[in-house]
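Consider the two complexes below, in which chain A is the common component and chain B and chain C are the respective partners.
Our next item is the complex of A and B:
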């Protein structure tokens, strides 16, 4: 038995829904005592695979065994040996934490009275002990996930399947989840963690990387990452010109992928390409070039054949933005209260013309409330918000004409064709006649939408959907663009392309306001505002935020490290203040 | 600065109007839901929802063997509304059959029934009615009384000559129940369709996230409400007309009023329903809430509209509430237009409340959308 440490065997599994192929001939194994990541963008087949492994879906072809039981023939046994936490865990929001746990114990056929020890252990493990009487619906996103985990662990499963457990969970809670999963695998449990975030996958022991229903890689993440050793470089201190430099870097034939990291530009060379071109460019812009360790995400993009070029065909066509004032967006003492709950407390800042400004914060920190007040979707209780000098409360119509807005879920009309969506957006922004036709033609050219004009947005590939949403948001050439988590669930290549457009727009003087959960996306920002417990706790450039988080244990913090450090420091200061006050 | 700052723009309105029309008509499912079920329901309900009693079973305990009791049983047996008669030998069987729900009424003919009649006195019958089905029971009793009255008329005719009272029903001489129910149904079904389309419209956009997109654009709340009202108004009016046409041509119900006055009434009626629907939609966050809201308003509205029970029979406070229901006024107009050629002044008396309801509800819907921004 010692030799056989295999928890899950997947052999030639195929699954299709109507005419979409969710999984294509997938074969893989998952071991006990390891954290296995199932990684890939939305629509890659992660959830389908998870549901097959838990016996909730039957494969069309092939078979799978979990802990020795066939998922189809031994369906009952599967439910006993696995713990499953779906994307939105089925917590009963009107029951308390304790009542939810009891319910799940009873559903598993356990006698609640006999398991007080197990309950105590789970509460200790998830650190939910102090909250047993709180309604599940009143928990934060992170705490809900922890309660979900506690319920999934109730029957001591041999295989634990977590479907995107870190979605909507802030970095602080995410760290907690990692700690718990680590402890479980140390005990010998097989834990499967699916994710669309490739930096999460990088932390797993082994990864199944999916793309469009196919397994493109299986093995420890380092194995894939190591293929890029000697091909990852960083141009340090590029400073104010970094967006222009990135565009140039991406347009080099020898470069396959690149991103902005604070004041630096990171580039990945194509296979067997020489560093000369990059070196010449670095010399010209007087930047130092440095080889850096490769990342898993870079390796994934490389596997798929590299990222997009650096020129935004859209931004090229737009005129430069001229504003009377250099301040594009500002807010003073912005406050929003719901009853006796303060969602945003006394937030003030100014955003320069052409700046990319990021709003970050844990869940429930007041980030989206602040964002909504800035773009006029919500009225502040106190304080004021201005867009290009116009008060959003007094001159709403005029101020709204000056901003573009793109929501998380690409708010497009599925029953209208692509062309009609463009016409609608032009129309609600008051564009008509020849002007409307000219702007729409610009968008179609800039985003290569021509072949899709008569299709429904719902049938578009994700990348084109995003292009269309962006086209609808910038058609009226707004000087300020609001992006609300614009790239969640989007594959890294589409995300690169999106930022190419955003960088292009910023270079034309468009001011960008963005909220994001991707820490590496925060690196694209000129400045980042960090909100926590309804207050602004930090506002600086990404590099300065990272510098402020340097400690002995962590000499080279990432953006995520900095985020956790600043949030915890703010909590500590709060606690001290409270103790001092008493 | 562009000239987008004005609070009303035809360009913006037109863009939204086109969007709304496509949203309703492009979706094969919503197209089906809007037109097919109401027309189907009109056909089904017109046959099913009738207050006439037919196909009933009776029990008879006949103790008399004389001529008149034979005559009575014969007539019962041949009556159109009776499907089967159970003959029983003791009165406890009558009770049992009623208890078991097998018959709606039991008739006990006393031993001296024929003798009494022949003697010139009025014959006495005992009729037991199932009170659990009080409405049908009452109607059955009415039918039975008519049969008995017929018999006594015959008896008296043989003995003397008395002219019986002749009843004439105005406007609906044959008391054809369908004549009364179909025009009302067309109102109710148009009411529900318009309520559904509009109550889903804002909620659907909220779910999709497109409503935020609209709210950040320079378009004003009034424009949003207007652009959502017009297509629903057009569809609701069309549907109303289709059903009126079905009533006239399919059910052959005489239409004696003015078509143009009815058309104006339909437009105002649908407009007031659209206002109520948009009000529901403006306060709902999801389509599920909107549907629940539409039913919570729609069902009591139909019950109190005077379709099933006359408004005048309700307590005063509910009568006042019934005036706020568009259907109450429209039912008066549509039933009047069909059967009794309602005069323009009578129509006007019911049209202005519709206009008031429309203005109030549309204003409130606009305010509700605006308040959600707070």
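Our next item is the complex of A and C:
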């Protein structure tokens, strides 16, 4: 590459806020005509780096130049040569699509009347043409991001910086964003895409991988992934025993990381480790072992020293769940309407005891509404729902006592200490006296919370915060556990540890209901219910869902491919029905 | 690369955007047009007050013993703060300049009137009608003093003999709404200027739109002016509306000129907007901004501006604080322009004070708003 193809130069950049070091001695370059991913878990320093590159923050030490301009000394020029899309939707929700675009065009010094062809082009490019008069606040998550992109592209910046553009965007819209970004890099623009999802990073031409403010890898994602060639294996068809097998696999000294993939278990060997141990285990459980292509996420975890072990100290301590019926959760014709809008339409399914049941769907598909009705937080308009045989309409209180609930943002009390949070949860679920003390002691041991007892939950590392939230939800030993987007914004290692606990709980017979937008996580589920436009469009095992999406172009679909395929197929069927009706 | 620090086209785009938002947000219109009407009605009909230590003059035209005794009775009461005079012209000027709230004239023929039974009023009381509550208070209390004095002196003073002949200056009908309604305009302007501005700027920070706008070539000055200009116009429109309401519905006379009223209001918008801007730049959070605007903008304008409570009736430390409340200067100017006329000798110091406080706020706000997300 020629030196003049370099769009961004970052040299020894340090940035700290009060006590936290956001970036430590970071040096990197970004090229024109390439899609560069800035990847890493939440809190790794991605947004700080993006803001430094757009001149919105100043580094405490070091320099950065964008398109040849220093971000501090030539701040005004930075705003001309860069287009920036902040992580949060930064446009005016009370202005229409067109008004927002005009505003940004004029702020960037364009004469709106003279640039009608650019507007037409951008509208065509983003497929927002039919919605120009719609208020931005009324757009879907995906369309908002496309509008943000259109506004950031006004006056053709040389460097386009997108801060987590795919957050809150369903896989279908995400495809669109990828397509647009691809077209822009082909024209020679430097596009920077930050993300916490490593499967997104894997699609970039080159990646800056951050962890705790440090650059841990820079280069094409394949380069990192290739380090795992010959170390990635899959134990096929372990079926019903896969959770027990995964636990054993993870406890092998030669294995650094492992996950469940449908009916199979995927394992990554430590560097220079032999496959013997894994082979023996496979023989013992009568599974076939197969070498598979490595994945970027596995490589990232390997880079950080491997994943957690396979045994959940917590689940070990819990008694086996006994239920009168084998059906833990069920709903029949469940419907919820808000005025004219139907959020959940005629949804029915049954969940077996000890099953991990996933609810998936694009934004606004009705996941949360369905979920809230199932755990008694919302009353259905029609239909019924039962938890461990209790009717949620009549025995809401009793049913709630039988379930544990972990909300999206952990919902811990920042002003109470860790110990007080535990005591509060125990109290809420009616545990008192010796029993309360004993359960709290179990949680502290099971989750290794001892060193943090007197700290505020806010000061805990993310992983411990998550453990605490889970401890609060399972303290009363509920037979059914509801998890609402439990791992959004959590780094992959913490996420694996979390699933170790969940797998352990499921093996003890706890029924797990989970909503997630991580397609990988859907793989941990026994069965997945796919909701779209308020209706249940598919319900099956992850493997069966993937099989249903096999096409000529896509012989080995991932969970995400299957998701896109099924949603598009449902839309197509809807359209046909409408046309047939006319 | 040279980028213009100030560009009218960019400013135009920002002003246009802000105007669209203001028009589409029902709460903005509610605050700008409905709230003033509610407040004006409230102040016009539902407020009553009490005062102590009122400064009045006693003009003792007669040197007779009873006249001297009555004058002494006035001087000894702790509710009044008496300035003695021999000639009514001395104190009349002080009432006009606001140093006294009224004066009592003990006429030359006081002794004769006292003893005669022909029903002539004993004394004359003149009060400052632009402070109707005080005026009422002065009138009533003076009556009480005379009756006490009469009883104490063992004189049989027939009630008829102490009949007063009150004359209220500036506000002849002594309607409290005549002085409250002009003052209420200051409250309305404070709400629009400080509270609304603090909210809308904080909203940009909160919703993340500020980050997006800051990443464009628009400069801080453009962003701030683009934010303030529409609210300045809105404030002026609300002033016009409130003034129309005052004149045509509450029958408050506008003795000064409309131009003076608008000029005063425009200058008052400087500290009001500056304060709102400062609050929002520091807090960047709508809830906090609203709280701070309430405590530092609305409440002082309400309580410390001389709108409801007379500044002269306040303890000295509080009086000192009022010097830093821009609404104080505006309320005084408003009362003058409505009830007295275009008295530029009163306006100029007020205008200067408002402009000075406003400039101070703007300098601080500009410092607090740098074109980045630091701090």
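We take it that the second predicted complex is superposed on the first by the 579 of 582 C-alpha atoms of A that agree within 3 Å, B and C clash if a C-alpha of one lies under 4 Å from a C-alpha of the other, contacts with A are read in each partner's own complex, and residues count from 1 in each chain.
Operating definition for what follows: a residue touches a chain if its C-beta (ideal position, glycine included) is under 8 Å from a C-beta of that chain, and two chains touch if they have at least 3 such contacts.
These numbers come from a predicted model, not from an experiment.
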After the chain A overlay, clash or fit between chain B and chain C? clash
Now for A:178: first (chain B), second (chain C), both, or neither, which partner does it touch? neither
So, A:349: does it touch chain B (first), chain C (second), both, or neither? neither
Look at A:125 in the shared chain and tell me whether it touches chain B only, chain C only, both, or neither; answer first, second, both or neither. neither
Kindly classify A:74 by the partners it touches after superposition: chain B alone (first), chain C alone (second), both, or neither? second
Just checking: does A:95 make contact with chain B only, chain C only, both, or neither of them? Give me first, second, both or neither. second
Tell me which partner A:55 touches in the superposition: chain B (first), chain C (second), both or neither. second
Just name the clashing stretch of chain C against chain B, choosing from 60-68, 186-194, 240-248 or 366-374. 60-68
Residues of chain A at both interfaces, chain B in one complex, chain C in the other: none
Which residues, counting only chain A, touch chain C once they are in their complex? 51, 54-58, 69, 74-77, 79-95, 99, 102-104, 106-109, 148, 151
Chain B-touching residues of chain A, taken from the complex the two chains share: 375-379, 395, 397-398, 400-401, 403, 405, 407-409, 411-416, 420, 423-424, 426-432, 472, 482
Would you mind writing out the residues of chain B in touch with chain A in their complex? 1-7, 9, 11-12, 14-16, 18-19, 22-23, 26-27, 208-210, 212-220, 373-374
Can you name the residues of chain C that touch chain A in the complex? 1, 3, 5, 7, 9-10, 12-14, 16-17, 20-21, 24-25, 207-209, 211-219, 371-374
